[in-house]
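The first chain written gets the first letter, and so on, giving A, B and C; residue counts start at 1 in each chain.
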Amino acid sequence: MNVIEIKNLTKTYGNARGIENVSFHVEEGEIFGFIGPNGAGKSTTLRTLLSIIYPTSGSATVFGKDSVQSASEIKKDIGYLPSEVFYYDRMRVKDLLNYSASFYKKDCRKRIQELAEIMDLDLSKRIDDLSYGNRKKVGIVQGLLHKPKLIILDEPTGGLDPLMQQKFFDLLKEENKKGTTILFSSHILSEVQKMCDRVAIIKEGKIIKVEKISTLKESNHKKIKVETKVPVDVDFFDADGVTNLEATNNTISFLFSGNINLIMRKLSEIELSNVWVDEPDLEEIFLHYYEKEV
Amino acid sequence: MNIVLRELMSSRKSLIWWSVGLLAMITGGMSKYGGMQSSGQSANDLFAAMPKSLQAIFGVSTLDISTALGYYGLIFSYLLLMAAIYAVMLGANSIAKEERDKTSEFLMAKPVSRSRIITSKLAAAIILLFLFNLITFLLSAMMVNYYDSGAEITSKIAALVGGMFLLQLIFLAIGTSIAAVSKRPKLATSIATGILLLTYILSIAVELSSKLENLKYIIPFKYFEAKYILAGDGFDAVFVILSVVIVVVLINATYILYQKRDLNI
Amino acid sequence: MNMFLHELKVNRKSTIIWTLSLVAIAVLFLSIFPTIEREGEEFKKVLASYPEGVLKAVGVQIDSITSFLGFYSYVFLYIMLCGAIQGMNLGMGVLSKEIIGKTAEFLLTKPVARKEILTSKALVVVTSLLITNIVFMGAAALMANIVAKESIDYQVFFMISATNFFVQLMFASFGFLLSVLVSRIKSVLPLSLSTVFAFFILYMFGSVIGEKAVRYLTPFKYFDLAYIIRHSGYEAQYIIIGSIFIVATVAVSFIVFTKKDIHTV
């Protein structure tokens, strides 16, 4: 079953661009990455999904229900963590979390305690007195306290130190194991690479590609670098599937895509002193997509 | 200078709205003049014999509303109220808005001292008040002269508007000093307007009860009343001095208190 | 229910402050009443030297104005002024503070329909105002009992006092509508204060110049307190128009708010 199904979603602000014909779906139990640079339309898409803003055209369903028609019903099972956390000033963390819990018709007290412990959050503090990172933690607890079936995260890691980020990711993975679906929006590739099963890449309001992370990496290039004992003619490597060929002294590097055996055979013909074969990271693939579009 | 310009730019729209209000008030009010009849000598005598409190309730005053200038004096009391509201909010907002809109971090990271910021904001506010008064004066002089042109009309109106300017300076300083001391920007505007309301209500109470007469020294609305200025007495020196003292003290307080306080980010 | 209780708690302090302020104003003004009553008596002796006709005409007016209810309805205007500011602030603030404080996102991602949010907010406004008025009326009645020598017609007294609630509701619903229609309100108080004072000045000026059309324009004039004293009843047509206004503004607020995009950051 698809937890989220977005069909040709378009949102325009007057003449300004919002999002255009965005379509993708998120399957039950997966961690889905939503990635793009600042201002690409990630937040717009998420807010439309939560009917904070309404689509100009197109539609979205969550749990098989229309996101506008059944908005409040859907939200019973959604946990949302905004990119910037703003909460009622002059309230204690505890009071805010209890207020948040009061919207869901279940007892969340135990879960609040658990989460606060994991995230190392002082419940008795006033929200005004919290630092940016600590406010973010309030946001995390607030988004997870009712055991949602779908967690929507909008650039969630800003302000969290690496240790907390790790704890947060572990928390998410644990939730995911219990069957929770996660939609994870970010512009930081490494975290998406680390967390997600599939990813949608958005740029200037349009979805460029929806792909499995593993496929993204597979279907693309290998980074190969060799060091030879004696100078070799660069043209020797210029074969099908080789790009970005560069040579300095005895070191030659290039990107290769295609049948890996072909290039291995070629390499075996020369005397090597060293060889590196790397998976290109998502960043390179990402830039690759972006450049292609320009 | 850049801060002054920025302040002026951001207050431009609200000044325009207030000017529209002034325009409506002055032209609308004065256009009603003419339909008014002199209430007749005997009745005037009678009202003059009335205790001050009853006069207030009856809505009569020593202003002779059969003349254009006297009638304008009636409108002027409402203009004073408008002017005070504008000034107190201008004062409180100009200081408090940086924290309210979370821009204080931006400003404080720049190589300007806090006193420089206050000076710029005050300069901008005074320019705005000056424009407010200029507009009031021009509109008033035009409208009153339209109905009754006399040599002294323009100078009397100038005197009234001069009093209004002083009143505005007082309320501006009240606004800035409260915003300078208050840690919560929202509270600053509330307190400042609370003081405005309080003094206004007290000014009514003073009209009603001669026992409260001495309260007039703490009620700026009582400093420059049209009925005294138009009667030819001009400004009361006590009130002018009092105004200057209040303004100087509060402005100084603004500098000192804002300098010392932790800003709320 | 949770939103209602939460909101009520948030507004607790301001409701208390406003209630106390209204009570304080009532106490201040009503404590002046004995003086007014005495001055009225003395003035009537002065009147004895005037011709029969004047005596009759003015004497009756003096009597009605220096009666307790006459005086109360005169000062009640200033109570209504403060009440109106409370109403407008509350009506306008209850929604826009979520936008200003950027907490709208919090509410909108909860499993509640927008109309439920609005309903609880509107109910909080009504409840807060109701509490204010009940306490105010109790305190004012007590004060009336202390200062008035004559026996007071409490039915009329409460009928006059209740008009405050109605006027507050009108301003609150107007503020509610503004907060939905005007996007990006930066701070509530300046806007609500200028609106209320605009209507107040319109009223004051309208009664001075005797302009009939003003009655329909400014809520302050929806209730002719003298009419209430004379007839022990309200003028139905204004109640109807006022009610239509309240229902219409709230209805439009609901329609607009449920359909509009909320820009959170």
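The rule we apply is simple: a contact is a pair of C-beta atoms (placed from the backbone, for glycine too) under 8 Å apart; a residue touches a chain by one contact, two chains touch by 3 or more.
As the structure is a prediction and not an experimental result, all values here were calculated from the model.
Asks: Which category does the touching pattern between chains fall into here: line, ring, star, complete, or other?
Replies: It is a line, because the chains touch in a row without closing up.
Asks: Going by C-alpha centres, which chain is most central here?
Replies: Centroid comparison flags C as closest.
Asks: Once you find the CA centre of chain A and the CA centre of chain C, what distance in Å lies between them?
Replies: The separation of the two C-alpha centroids amounts to 53 Å.
Asks: Chain B to chain C: how many Å between their CA centres?
Replies: 24
Asks: Can you give the whole-Å distance between the Cα centres of chain A and chain B?
Replies: Averaging C-alpha atoms per chain gives centres 57 Å apart.
Asks: What positions in chain C touch 2 or more of the other chains?
Replies: Not one residue of chain C touches more than one other chain, so the list is empty.
Asks: Would you tell me which residues of chain B are touching chain C in their complex?
Replies: Residues in contact with chain C: 14, 17, 21, 25, 28-29, 32, 35-36, 42-43, 46, 49-51, 53-54, 57-59, 74-75, 78, 81-82, 85, 89, 93, 97, 100-101, 186, 189-190, 193-194, 197, 201, 204-205, 208-212.
Asks: Taking the touch rule as given, give the residues of chain C at its contact with chain B in the complex, in rising order.
Replies: 21, 25, 28-29, 32, 35-36, 39-40, 42-43, 46-47, 50, 54, 58, 61-62, 65-66, 71, 74-75, 78, 82, 85, 186-187, 189-190, 193-194, 197-198, 201, 204-205, 207-209, 211
Asks: If you look only at chain C, which of its residues touch chain A in the complex?
Replies: Contact set of chain C toward chain A: 2, 6, 10, 101-106, 108-114, 116, 259, 261-265.
Asks: Could you pull out which chain A residues touch chain C in their complex?
Replies: Interface residues on the chain A side: 43, 47, 50-54, 71-76, 78, 80, 82-84, 86-89, 99-100, 102-104, 142.
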